[in-house]
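Shared between the two complexes below is subunit A, which pairs with subunit B and subunit C, respectively.
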Partner chain A sequence: MKYESQGVAKLYFIAAIALFVGQILFGVTMGLQYVIGDFLFPEIPFNVARMVHTNLLIVWLLFGFMGSAYYLVPEEAERELFAPWLAKLMFWIFLVAGALTILSYLLVPYARLAELTMNDLLPTMGREFLEQPTITKIGIVIVALAFIFNIGMTVLTGRKTVINLVLLTGLVGLAVFFLFSFYNPDNLVMDKYFWWFVVHLWVEGVWELIMASLLAYVLIKVTGVDREVIEKWLYIIIAMALISGLVGTGHHFFWIGAPDYWQWLGSVFSALEPIPFFMMTLFAFNVVNKRRRDHPNKAAVLWALGTAVMAFLGAGVWGFLHTLAPVNYYTHGTQITAAHGHMAFYGAYVMVVLTMISYSMPIMRGQKAGNIKAQVVEMWSFWLMTISMVFITLFLTGAGIAQVYLQRYSDDPLPFMVVQEKIAIFYWLREAAGLVFLIGLILYIYSFFAKGKEVEFVEG
Partner chain B sequence: MNAEELELKRASLSALASLLNLTVLPVIGFIFLLFLYKQTQAQTIGRYYAVLGIKINLAAAIALIIVTGLMLLLGGFYSPWTWVFVISYFVFVHALFILVATWILVRSWTGKKLTTTFL
Partner chain C sequence: MRETFTKGMARNIYYGGAVFFFLVLIGLTVDTVNRLPETDNSQNMTELVIEGKRLWEENNCIGCHTLLGEGAYFAPELGNVYTRFGEDTENIKAFIKYRPVEGIPNRRSMPQFNLTDEQLEALAQFLKYVDGIKTARNWPPNVQG
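Up next, the complex of A and B:
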């Protein structure tokens, strides 16, 4: 580790992995509730399990992004972190606030939680993914501001590279767009606009900048390819991501009561959204192909390549599948959306955080790369989690297509719950794939403790 | 442009034509690929990538014909299961053909043959 303060990242990564485990446990619980409706009812109702599953995802990815930034920025800026103590303090505040919020979801009825946290003073609760009590949201803003200040000061007073500037832009965007979650208009159309300004502009806007910069950083480190080459790719990728992603927000405006022109704008621009992901695949393949060294951390290289491929499939292909307005007219809010959501989040954001963890964790533990056994176990976990996610996506896609046909397209449409009964086989298969994913995650955690022969590092 | 550079250019153009045929320019991309094949010499990197492109595109075409045949034989256009299989095929298997073609394109830029042991 080049700078001591990079070690702060370890705290964030450990918390991220712990919350990831929680997310998957609630995922498999909920997967079972799809077919056994009263499983764990009334202790953990489906709506609560779903809220915990999605909120844990967001929180652990934020921990992952913050940890990645704390590791990456000092090295790129060639200086110690501006205030390591602030990073540690914010970690504990964020962890305690996050844990309390999740526990409150589980222990207190949501309406009562809104009362207890005085939501009526500044109502922000009740919207999907943004269910956090207002007080938690204020906490997130404080943590984000302190984080941006710390990272920003490190970048501004140190070496400025394309990677840390793109990362900083993405992180500032993440913080700024979250502020829309505090505006909760009475008009439902307006409400949806501002909700998507957070959700869409995060995952199909600024998070792509974060992802591209993290991937570029790891690829520079593991391949030894010239920074200039990677930076040129990065410029084109982020330009395409922003050009397509910003106006592409329109694909969420098709059926919310917005003007008709959004059906054209949303369709055309979101049809371009696979392009940056395709370029990321081309970029990762190209850089690994031109590598100047065989880095001993093969697991990190695998995660990096896997990120590019799975992001293209999940965000690009599965996004395009249902993004055109005439198609979305039938597919909106079906299991096809769930299929896309699962593979896109896993491929783009889960995998890029795991790539950073895979690269940096051995270094923070005093090694260049994990020992051979640890890497083998980690690669097994990669394949188990990735293949099972492919199957989860395929089963949900199958469920979604059957759902669209039976419920919305056929001459005699069937009611929602009748269709749910007919597609139960897909849910059972998805649950089995989810359990394999959990096994993969357990192996991933075990890889940090596996003992074995150390790897040798030969500079090419 | 010397002969080696010309073959390298043909190799990358063949890989690009193969990718285009699988994505935005079906048939036209394949005709361009056949045209490039005619221009290349035996035992050159250009010929290698033209042949590779033809093979992968033929494999994708055969897979498509089989899927279409199964669709008509097993369910017809009015069965939900037909659409489950056909759409799942397109978004997954055809996307994998595109990924393989992308990897071939990247390899062609280096002037080296395709290998599987890059990790």
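Up next, the complex of A and C:
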């Protein structure tokens, strides 16, 4: 670790991993509720479990992004973090606020929570992924502002690398687009339209900037490839992400009452959205092949390559699968969407955060790389989680195709619940794959504690 | 990448492309918002409908159902439930009202939300209003949602 203040990232990463465990436990619970409908009912109804599952994901990824920024930015800027104390303070505020919000979902009926937090004053609750009480949303904005101030001051008063500037742009975009979560018009079509200004412009917009810069940073570190080459790739990848992704927002406007021209615009531009992800795959393999040194942290290299491949498959291929309007007419809001969502989030954002953790955690713990056993265990966890996620996606895709046919495409469409029972086998298989994912996650955590022979390396 | 394609060029494509397409998105958004009154059924957005939307949100209905295809995929689409339930808000109200507190053994069950009659009316009117939104190609494809 070059700068002492980078160490603040460790707190963020530990919290991220802990919340990740919570997310998966609730995921496995929901998976069971899909087939055993009354499991934990009425104590933890599906909607509560889902809210916990998705909100934990968002919160832990934000912890991961913040931790990554705190680790990476000082090293790139060649100076200590502007205010390490502020980073620590915000960590505790965000953790307590996040934990309280999740607990309140579980302990208080949602309508009561809306009442307690005075949702009527500024109603923002009850929209998918933005279920947090308004007071929590305000808290998120405060934490984000303090975080961006801290990171921004570090970037602007230090060495300005492309990675730092792109990361900062992405983080500012994340904060700015979150402000749309406070806009909740009574007109449902307007509500839906601008809801995507948070959700789409995050995951198919500014988050891609964050992801690409984190990946570029780790690749510079583990391959020693010339910064100029990597920065050129970074620019062209994020250029394609925004060129395709901004108007690509239109693929969400097909069936919500927006004008018909979105069918064309959304289809054409979102069909281009796999390109930046494909370029990321080329980029990662290209620079690893041209590496100037063999970094002792093999696990981090595996995560970096893995995220490039899985992001392309999940976000790129599985996104393209149902993005053209004539296809989406049948698949919109089915298990096809769920299949895509799972692999895209895992492949792009979960894996890039785990890449950063894999690279930086050993360094923050005073080693260049984890010991041999730790790395072997970590690589096992990589394969278990990644392969099981591929199977979760395949089973949900199977469920989705059957659902589309039975409920929407056949001559005699069947009711939703009848179809759900007919395709239960896919949900059982998905649940089994989910349990394997959980085992992979347990191994992942064990990898931090595994003792073994230290790796030897020669500085290149 | 070859040397003829410089970092400066890549940077310019990024800045130029991002700014240009962001402006395109803003332009299209202004146009969309101007055209929405043709499709968004806002002429039927009564006080009751607005209250219904609030109830829809504050009971986290989106946590199980989809509405115009967005939400969770655990329970039926409700964007056309008014049509599916015989174009009668009474049927919608009765369904919500008589959910067993302990659920139905082994089956996915909707919670009992203990809504008042007035609230049930508002929620049903909201769902009727949503059914009146003119979606492209009359999505969903059929009455089953």
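In this section, the second predicted complex is superposed on the first by the 459 of 460 C-alpha atoms of A that agree within 3 Å, B and C clash if a C-alpha of one lies under 4 Å from a C-alpha of the other, contacts with A are read in each partner's own complex, and residues count from 1 in each chain.
The rule is short, and it goes like this: a contact is a pair of C-beta atoms (placed from the backbone, for glycine too) under 8 Å apart; a residue touches a chain by one contact, two chains touch by 3 or more.
Treat the numbers as computed from the prediction; the structure is a model and nothing was measured.
After superposition on subunit A, the partners subunit B and subunit C are accommodated together without colliding. In the superposition on chain A, contact of A:Asn371 is made with neither subunit B nor subunit C. When both complexes are overlaid on chain A, the residue A:Thr307 reaches neither subunit B nor subunit C. Once chain A of one complex is fitted onto chain A of the other, the partner contacts of A:Ile243 are limited to subunit C, with no touch recorded for subunit B. One of subunit B and subunit C touches more residues of subunit A, and that partner is C.
With chain A as the common frame, subunit A serves as the apex of an angle whose CA-centre rays point to subunit B and subunit C; its value is 100 degrees, to a multiple of 10.
When the two structures are aligned on the shared chain, A:Gln263 is found in touch with subunit C, with no touch to subunit B.
The superposed three-chain arrangement places the nearest Cα atoms of subunit B and subunit C 10 Å from each other.
Overlaid on A, the two complexes show subunit B and subunit C touching no common residue of subunit A. For subunit A in complex with subunit C, the residues that touch the partner chain are 33-34, 36-38, 41-42, 45-48, 50-51, 110-111, 114-115, 119-120, 123, 125-128, 131, 162, 184, 186-193, 228-229, 231-233, 235-236, 238-239, 242-243, 246-247, 249-250, 253-260, 262-263, 265, 329-330, 332-335, 337-338, 407-409, 413-417, 420.
Within the complex formed with subunit A, the subunit B residues making contact are 80-81, 83-84, 87-88, 91-92, 95, 99, 102-103, 105-107, 109-110, 118-119. Those residues of subunit C that touch subunit A in the complex are listed here as 1, 5-7, 10-11, 13-14, 17-18, 21-22, 24-25, 28-29, 31-33, 35-36, 39-42, 45, 49-50, 53-54, 56-64, 66-77, 101-109, 111-113, 129-130, 133-137, 139-145. On subunit A, the positions that touch subunit B within their shared complex are 278, 281-282, 285-286, 288-290, 298, 301-302, 305, 309, 312-313, 317-318, 321, 390, 394, 397-398, 401-402, 405-406, 410.
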